[in-house]
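The structure appears below as structure tokens.
First chain written, first letter: the chains are A, B, C and D, and each begins at residue 1.
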């Protein structure tokens, strides 16, 4: 085993094990169901992440490669047209077979074969794909939790993923705005370390003066918007957003419920009274933008966010805390909660950076072809792995998406 | 235990056990999924049939009744508006909880309580509802098999429910038409024995002269229609049927697949080459009617069918044969295959008989409110329990339904 | 000109002129628009009825036939697959060309050519098609009025087709039920005179004892059903009907509006306060059936209706009265309002009579292929031409249709 | 009349007259129909542009203002929630009334009242709204032509709006790329003269080095992409774009038709063989982006386009040329066809410029609320009025829109 391969083998084991640990509290039935086309069954996530290594690592680098199961290439291909046709995404919840146990066997078999490959030593190019596969798997770790939360949210029994620790009883400091000067900045990833291709190339950009809120908006602040009739005031909304809200009957963030004036929300530990000091979460871009307009502010651009976060440490409430829910912002000077708790919607369209070009072949499909109709989110959430995040990281979802742990940080012109 | 209660306790045990035996080959994942809004998860069938006894027997007759689980009244109510609101039918596949094991516990608890009730002795009215519940459960036994077949049909792995016995190698006799004279007949159930309310009242009807085919149409006969361009000839189709076919892209019966001129079909034992001598199955009313037009015939009315079947013994290929697939018609004089193998589409709208009125209360919703937009099928199928069938039995489905074991018997004016 | 041709030439002129008289109050814009897929622009009706004579009379019988315009064969074919493809029905409102004036020219040219043909003398077979074309045209006369009413109903300006005479101020007699004995009856048309093929063959049918209401249900009676919460009580509705009502947000008959407890309705003369003594109109089959259940009655079968109407004179409020709206039932013994005022929904599925077979060729598509998913209505309406109606006439629409002048006559078992 | 009012009165007359001149070749029927929800009837455009002046000028500034017709406020409000509810956009084609003549009367009455107002002298604020109204009306002039083209495109008779001059027979020069250096540029409108609020504020932006194609892509170039299977190669497409193409069955630009290898397209003068030297037009953003990928290029950003066009004269093929169709690029050094012929899709999301905030009140709804899910187009088309265009002008449409005169200018990194 060459040195670099050794340096990958250990993270490989730990990332793969972390995925399975996330699935451990779930029954085979929990793992098989799909609550909407945008979400996938947990079992599918477990299989697809293995398919990624099988297809992009083993098939390319393993001598005498043979597929684990001939149908899996089709069943567990997410969207890689270059690899071949894909099983219909909205039908992922129709696959009672392979059973969860068979998928876990698939995982074990792939892990075994990757370990052998790494032990033998592999080309740097292959190692780079293994590393990409681990960051890819971390994305699916987050999706496992958001997707199973959505599934449980559709069940009148309101099951819990597992018991959660009692949330801290903290007051949050009043919102402040922190000002930044204008300037010609460098944005995007410049190494060292891993980054997705969409984080580069690093490039200059002129950023006008702006101010960012000191922390994420809270449930209490957002509830004031709701109670002020914010969902009924078209002047606060983007036109498409208002139409979406009307069509879907949206009147509050996803998972909020009101009965006799008492509000509850859903956590991965089950339903709970709404805590005003916690960050608001599970809002769409449209709701975030309307809330910002109501608060006499706006959403930040991703450039502003990155300028502000460039030198901040990656600290916060991540999946490793075990909270699995956003926590109140600790009192601290400057900007807090940049990383973790909630993904922060930006007003920026998910677009290629200047000079960006997707790579050739299937892995070129990873990011580039989605650069349309999506908004960038920054900073990570309470269900993101810490090692997955950095200041240049660009998450992206359509403006209607609500089932991610997405929240709001306000910005203003300065 | 009074005598009549005793006479019900034994069928109760055997019908309930038969349902569980049908679910036995399936995994918890198989039992949780729903392949389309018209089909339900096996787990839901297991629970709903227990809900029927809990709601209509225990809640009415058990002293000090308390519900097994407060949410089940809502979750497992199919369509009884008088009982209360119902969990959304197309979302039955989102319920990973209660787990299959919990549903089996629910069944056991209900069975125990019903047994105690019967042992104590109950009013005739209650016994009648128990008896209705058993025939209701037999309907769901058939649905368990059709629904799991549909689920497996959506899975590219094409799983088998269980291994099936090899089909017999028989030739079928050429189709004959058996003529019947016109006459003023009595139709509908007149007892003794159980019947659904839609089978009565028995009433006179004038039936013109007609002829019925000696057996169900076969795959070979239907394939000739397909190969003759039958699906592309609008003059053979009802207008709505042709539009349905175009919109859905239907080109052959459900589960048929063609590759390089070879046809296969799906059975509960997995895919198999199409056998020309077996009855064609999984056709919609629209396909059945178009095939009949092509064959210079028509579908029978339900009156014609009942006149022809009135004195025939209830014999044939039912679920008890273990074949779980239609079998070739044995050579016999007169009309064969009236019962079992495939449900036979009639041209009759599912309408109330003269003098019919649905009962008051929730059980009045059993049949009457569905008497619109459906066609009657007669005779039972290879997955019907034999004791569930009789000459007056009226099954009904919308003209587009294909996932039942539905086939074709031709008729002609005589 | 042979005698029979002469006997057709005069009705031809008067029926064709009547159609144009109906369009006379309308602007070219009124005639071009289409308010829903089920309705057609008036201009399309004017053209299609001419297409019928051009295609089925001139093209078959005129020496050296040449089409008036090569595109019209496609544009104005309604649904005759045997004639060729058809311009998309929901897009009929996209045809600003040909202009109304060109369509009127088309009519004149066809009329001229038919007149020449008839003057020359033609085969009986051709004369029969001319006669069919005239009855066909009368059907479209009624549709011109229902379709333009629907168009005007979608316009907030609520235009009037033309000023209508003031409705009579009459009280209606209380509803009575008139009983009929059971019996083996002959149903269907047996000549002499014209009938559509779906009215035959005449055939025996056993009709159980029944009673029919003495007149159509009134607005006042129906309003009591509305105010009694009839639209919110699922036990009164067919299952599909309740789902339809919920999905469409239906709360009253089409064209009814309520403001501050005052009800208005729309007539071809514009909006007007609802008059309790007038027959209720513009209800779907589902509403009619629910109302009947609420009134402790049911809808009649078409056999019952025909038995009751067989010897009644075809008298009533037809298009010739110029009222263009249903009028209160005059006081009279026995059954009133059988013909005219409102089409009466029956509970009968639109099905072929025993021995019925559609003819060969395109004209065989006239009726037979629609015998599915429709309910029969009987008796004609205030916008039907009197000469178009008879006791055996079978009108048919899907159970959701409301834009026809459709109302309710109650029936009961006797 | 104060001086400034005088300076507005003349353009008011000429712009309003130009609108009516565009409608002059059309019949009342042509003006009443709506071919899709995104398009409006010509009559509606004529009324809505008058509504704009009535609502935002007369109602605010005319002493004793009374509405021309009380229902028009509702009927002809496009999307101004602050003004009140709006008649349903997809139903604009259901309004046969008011008649075209009445709408022309409405225009005349508004014009008369605006003239009186201007003659009396008005506040600068009012004049600014009049000026805005004229630019607004010019936008609708372009829409009148695109919408009637779409309507005629749905009519199998393929009517012509009017006879067009024969297109010039020119060869186009081979495509060159013109390089631009990177730099910190100023973008956006800085006066003097009118601009929409979305063109400001003027602001610095860093633009990396780039190259722009010397002219728009031609039909011949685009046809090579089509014939090379460009519509079947997912690797060239954005993911949403490929799914859109599949769902809609798109295989070539809108209005292209192929028969036996011969391609035709539709112009406002009727169908015509496709001319390879003319700019390709009626492509969506998705098609433009896929074509660019195939051509080893990309779409420009709007910053790049504006930098390149900043000092170019506004010259080209506009509505005033009377061609009403894109013309081949004249041979010229540098960049040609920047203005006129076809709107050029950029890759830029339609977003607010730094410091942009929509104004308060209804006119604040003009642009800001649409800044989501749209792409910017630049440069104007062959149906834009010349005085309407400038280098900072930002047009915007969803990425699926094809019925505008939208084309492609390629860009590359330099």
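Assume contacts are C-beta pairs under 8 Å (C-beta built on N, C-alpha and C of every residue); 3 or more make two chains touch, one makes a residue touch a chain.
If you're wondering where the values come from, they're calculated on a predicted model, not measured in any experiment.
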| item | value |
| --- | --- |
| Touch-network distance, chain B to chain D, counted in steps | 2 |
| Given chain C and chain D, the chains that contact each of them | none |
| Most distant chain from chain D by Cα centroid | B |
| Mean-CA-position distance for chain D and chain A (Å) | 38 |
| Interchain centroid distance [CA atoms averaged], chain A/chain B, Å | 46 |
| Computed distance of Cα centres, chain C from chain A, in Å | 59 |
| Numbers and ranges of chain D residues touching at least 2 other chains | none |
| Chains touching one another, given as label pairs in label order | A-B, A-D, B-C, C-D |
| Contacting residues of chain B [partner chain A, same complex] | 27-33, 35, 71, 74-75, 87, 91, 93-100, 151, 154-157, 159 |
| Footprint of chain D on chain A - complex, ascending | 79, 81-82, 184, 203-206, 208, 234-235, 237-242, 286, 347-349, 351-352, 354-355, 364-365, 369-373, 399, 413 |
